[in-house]
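Okay, got some structures for you below.
After this come two complexes, each holding subunit A, first together with subunit B and then together with subunit C.
The block that comes next holds the complex of A and B.
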C-alpha cells in the first residue's frame, strides 16, 4: 500500500489558517448565533427577542444615527487627501514633504487626540477663550450633540487624511503619465483632469481606502467617545460600538443584546458594501467611469 | 507677459499657503502642547500672571506613577508579537510560494476576509473563551489577538514581495547547486529587506496604537499597556491640571514622532518596492 505523504509546504499555511479561524471566523459566527440565544441564565433559542429589546431601547435610533453620521468623514477625507495629492503631484520633493508631514497625525495614537480635544473644547479651553475674546458666552461644547459629533468627525478626518495622502500618492505615481499629458494637450482644465482622468483611473485605491476608513468610522470610535464624553449626556453621543461595550461589560450586562447591536453594525457595513458593489457593477455595465 | 507672471506668483503663493496649512495642522497642536507642558497650572489658566517655566509636570509624572512598568509591559508584548509574527509569516509565505495557485488564492481570500472583520463582532465570544481559560488580565489574550491581526497582512505583503523576485534567479541558483536553505538566506532574504522593515514598523505601530483590546482584556493596574495606563491617569487628573496632561501627552508622542522622522526614508522605500507596478 502506498503511504500517504503530506507535502510539507502545506503545513505552515494550514497552521496559520487554523489559528486565524479560531481567533476571527469562529467568534464571528458565534456572535451571529448568540444574538438569537438568551444569555440570561438559561441558553435557549429565543428568536428575535434580543433584537426586540435592542430596538425598544429609547435611544436606539439616536445611536444608529450617530454611527452613520460618523461615516460622513469618509467622503470628506477622500476628497481632501486626493485633492492635496493631485495639487502637489507635479512636484516630487514637495509631495514627499507633504506625505511625511501629514503621516504624523496618522501614526499618533488616538488617545492623544481625545485628550487634546477634551482640553480645547473643555469649559476653560481654547474654544471658550476664543468665544470670550469675541464677546460671546462660553458654553459646554461636549454637552451639545451636534458639536460633539462635528468634533469627532473632524478628529477622524485629521487622524486619517495622512493615510489617504500616502495611498493616493502611490496610486498617482503608478498612473501612466501619458494620460495626463494627453489630456493637457487636448486642452483639459485641471479640474477636468482631476475628475475625468485621475479619479476613474485610481478607483481601486479609493475603494480600498474608503472601505477601511468606513469600517474604522463605524466600529472604531470607541476610544474617542470613552475619553471625550463617556457616551453622555445620557445616551446622546453613544454609538453602536460603544453601546456594545456598555451592554457587554458594564452594569446589567447582557451578552445577547450586545451581540445583537454588533450584528446591526455588521448590517450597516454590508449595506455600504452592497452600495459600493452596485456602483461598480453599474459603472462597468454602462461604461461609466467609476 | 506680465499677466503670466501675476498668475505664477498667485499660484506659488497658494502653494506655499497650502504647505503651510498642512504643516500647521500636523505640527502646531503638538508644538502648543510641548510649550505649555512647561507651565504651572496657575500660570496656564490666569494668563495675566507672569509665566514661570518649570519641569515639575514631568517629574510629577515619573515620580508618582510607575510609568516604566507600563512601558516594559508594552515592550514585552510588542517583542513577542513581532517575533512570532515575523517567523510564522515569513516561512508561511515561503511555503505558499511553492504551493498550487488555487490553494494560494483561497488562502489570500481568507486573509483578506479576516482582516476586514471588525473588532465588535468578535470580542464578546473571545472574552468568554479567555475567561473560561482564566487568561483575562494577562498578556496572553493581547499577544494572541495582535498576532492574529498582524499575521494576514504580513503574509500578504511577503507574498507580494516574493512574487516580484524573478523566477529565473531562483532557477539558476538551483542549477548552481543551492539548497533551499541557501536560497532563502541568499535570495529571498536580501530581496525583502525593505518589506521586512515595513512590516515590523506596521506591527509595532498597530500594537502601540491599539486602545480597545488592551482596555478590555488587560485592565488591571499591573498589566496595563502604556495607552490604557495613560488614559486612566489622565481621566483622574486632566480636569484640574492641564499642563500636567500636556506633559503626559508630550512624553507619549515625542518619541513616536522622533522615531518616525528617523526611519521615514526606509518606510517609504519599503512601500515603494511593494506597490510600484512594473
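The block that comes next holds the complex of A and C.
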C-alpha cells in the first residue's frame, strides 16, 4: 500500500491559507451574499434593494465624499515624509534621529489622538483658549464640517508620516548615490533632484506606502470619528465605514444595508487599485517606448 | 519537524475553532441571564457576592427548593441600543441567553420573533399590580397580545433640574412660581440670560434630549403613545403633524435665542451634567437617574420642576416623559423556559422590588401595591412618584416608532436646530425613514 506523504513545504502555507480563508474569504462572501438578502426578519433574496436603500439615503453622497476626502491624506503624507527624508538624507545621524522620533506618533494608538484632539478642539479646549487670547470668538470646531474633516486628515497624516519616513529612508539609502551626485555636478537644484530622480526611482516604495495608507484612510478612521463627532452633527462627518457600523450595530440593525455599504467601500478600494495598476502599466509602456 | 508542525496545527485548531465553540456551551442545569439593569445601576466595583442580583439568586433558590440545584449565570451587557443587536445576533446563531433585559417598546419589538410569548405564564394579579404592560405587548397598547416580557425599571419622568441657589439669587422662585407654559419658560430663560448666566445646559449630541422634550411636548398635545403609534401605521405623518411641528419649533427657539450652552452640538450629557453641578448653568433637563448624580453633590440646592406645558390647553399636563424602560424576557429557544419565567416572576415580586429599591435608591418600582412614601427615601424621587400618580406620564416617542426612525430623528434634529436643515426637509426625511 502506498503511504501518503505530506510535503512539509506545503504545511505552513496551507495553515496560512486556512487562516486567511476563515478571516477574510468567508466573511467577504458572507458580506457579499447578505448585501442581496433581507436581514429584517425573513432572509429572502431581494436583489439590489439594499443597494437602492443605501444610494437613496439623503446623505449618501455626503458620506461618500467624506470617505474620499479622507484619502487626500495619502498624497500629503507621502510628500511630507519623502521631503523630510530627502532633506535630512545628507546627514545619516540626523536622519536616524528623525526616523526614531517620527515613529513615536505612529506607534501611539489612534484612539489616544482622538481623545487628545477632542480636548484640544472641544469648546472649552486649548484651541479656543488660544482664540480668546488672540481676541477671536471661540468656535465649535467639531460641529463644523470643514474643520472636522481637516482635523481628522491632520491626525491621519501625523499618525502615519513616521511610517512613511521609515519606508522612504530605507528606499533612499538603497538608491544609487551616483545618480544624485551626477545630477548635482550637472547643476540640478534640490527640487529637480527630488522630483526627477528620487521620486521616479523609489516608485515601488511609494506605491506600497500609498496603498497601505489608502486602505487605512478608507477603513481605519472609524475610531477617530467615533470619539470626535459620532459622525455628526447629523451625517456631516460620517464616512461609509462609520455608516456601516451604524447600520450593523446600532439600534435596529440592518445588516443588509450595512453589507451593501461595505461592498461599496470595497468597490472604491478596487477603483483605486485599478487606477494604480493602470498608471503603472501605462508608465511602463511609456518608459519602454521612450 | 513535521511533528512540531502538527502540534502547532492542532494548537491552532484548538484556539480558533474549539475555544469559541466551547465558550458558547451551557450546562444542562443552568440558566444564562443577560442584563444591564440589576448591576448597571449599582456600583460594579463592589464584590460580586454583594451585588443585588447575586443575593436575589440565592434567595430565589432558598424560596424555591425545586431549583436548589439550578445554576443562574449572570452576564452584564451594555445598557444601550447595542444590546438589541447583540441579542439579535446570538438568537440567529442559536446561542441566545435564557433571560434577557432589553430596552422595551419598539426596541424590544424589533426582536420579538426571538422572544418567548409569556401570555400563558402571566397571572391576572400580576397584570393588575405591575404597570407598563403596554410597553411589552404586541401593538404597544394595553391589552395587546402576545406579551413578550415583564415591564421593569419605571425610570420616573423627565424633569427640569435647577440650581436653587443660582435661580433664587436672580429673584426667581420656582418652588412656588414655576413656569407653567412654554412662553413663561422663555421669559424665565431671558431673565437668567440677561443676568449673564446660561439658562439651560443641554446636549444635542446623542438624541436623548430630543427624545425627552419633543416626546413630551408632542405627546401632551396629541394624548401620548396611542397617537404616536398612528405614525407607524401611516395614518399620520411627521410632515402633517401640527403638534410635532410646533414642538420642534419651540425647541429650536431655545437654541436660536441663545438660551442653551453654546456647545450644545458637541458637549455630551456627562459634560453637561458636570457643568450643572459646578454651577455653570441654571437648569438642565434629564431623567430620574440624574437625581442620584446631582443630589449628593448639590444637596438642598438641587431643585426639580416639571417641563413647561407646550400650551395651556394640552391634553396631558404637569408631568413628563416616562414609563417603564425595560423588558425582562425569555429567549424563544430557551431549554429552561419555566425556570426562567419563575425567576423573572421572583424579581418582579413586591418583596424583591422593595429589596432592589433599598439596594438602589434611585429606582421607582413599577408596582401599584408599593407605597412610594415609605419605600422611597429621596425627597425628589418621592415628588416624582407623586407627579406620576397624579398626572401619569407621556410615553417616549422613540419607544413607539421603529428604532431606525428614532436613529434618523436623533441624527437629523441637530441639523434642524442649527439651521442646516429646513423644517420641511427635516420632516420629509423623517417620513422617508419609515
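We take it that the second predicted complex is superposed on the first by the 283 of 290 C-alpha atoms of A that agree within 3 Å, B and C clash if a C-alpha of one lies under 4 Å from a C-alpha of the other, contacts with A are read in each partner's own complex, and residues count from 1 in each chain.
One rule holds in what follows: a contact is a pair of C-beta atoms (placed from the backbone, for glycine too) under 8 Å apart; a residue touches a chain by one contact, two chains touch by 3 or more.
Please read these numbers as outputs of a predicted model, since none were measured by experiment.
In the superposition on chain A, A:130 makes contact with neither subunit B nor subunit C.
Legend: residue contacts after superposition of the two complexes on their common chain; A:140 is shown touching subunit C, with no touch to subunit B. Contacts of A:58 after superposition: subunit C is touched, whereas subunit B is not reached. Of the two partner chains placed around the shared chain by superposition, neither subunit B nor subunit C is touched by A:274.
In the overlay built on the shared chain, the residue A:282 is in contact with neither subunit B nor subunit C.
Of the two partner chains placed by superposition, only subunit C is touched by A:235; subunit B is not.
With both structures placed on the common chain, the touch criterion links A:11 to subunit B and to subunit C. Which of subunit B and subunit C touches more residues of subunit A: that partner is B. Judged by the touch definition given at the top, the superposed model places A:249 against both subunit B and subunit C. In the superposition on chain A, the residues of subunit A touched by subunit B in one structure and by subunit C in the other are 8, 11-12, 15, 19, 122, 124, 248-249. Every residue of subunit B that touches subunit A in the complex is listed here, in rising order: 15, 18-19, 22-23, 25-27, 29-30, 33, 45, 88-89, 91-92, 95-96, 98-99, 103, 107, 110-111, 114, 116-129, 144-145, 147-148, 151-152, 155, 205, 208-209, 211-212, 215-216, 227, 230-231, 234-235, 238-239, 242, 245-246, 249, 252-253, 256-257, 260-261, 264, 268, 271-272, 275-277.
Chain contact summary for the complex, subunit A toward subunit B: residues 7-13, 15-17, 19-20, 23-28, 30-31, 34, 84, 87-88, 94, 96-105, 107-112, 115-116, 118-119, 122, 124, 158, 162, 166, 170, 173-174, 211-212, 215, 218-220, 222-223, 226-227, 240-241, 244-245, 248-249, 255, 258-259, 262-263, 265-266, 269. Those residues of subunit C that touch subunit A in the complex are listed here as 1-2, 5, 8-9, 12, 16, 81-82, 84-85, 88, 107, 110, 113, 204-206, 262-263, 265-267, 402-404, 406-407, 411-412, 414-415, 418, 420-421, 429, 432.
Listed in rising order, the residues of subunit A touching subunit C in the complex are 6, 8, 11-12, 15, 19, 22, 41, 58, 122-124, 138, 140, 142-143, 229-236, 246, 248-254.
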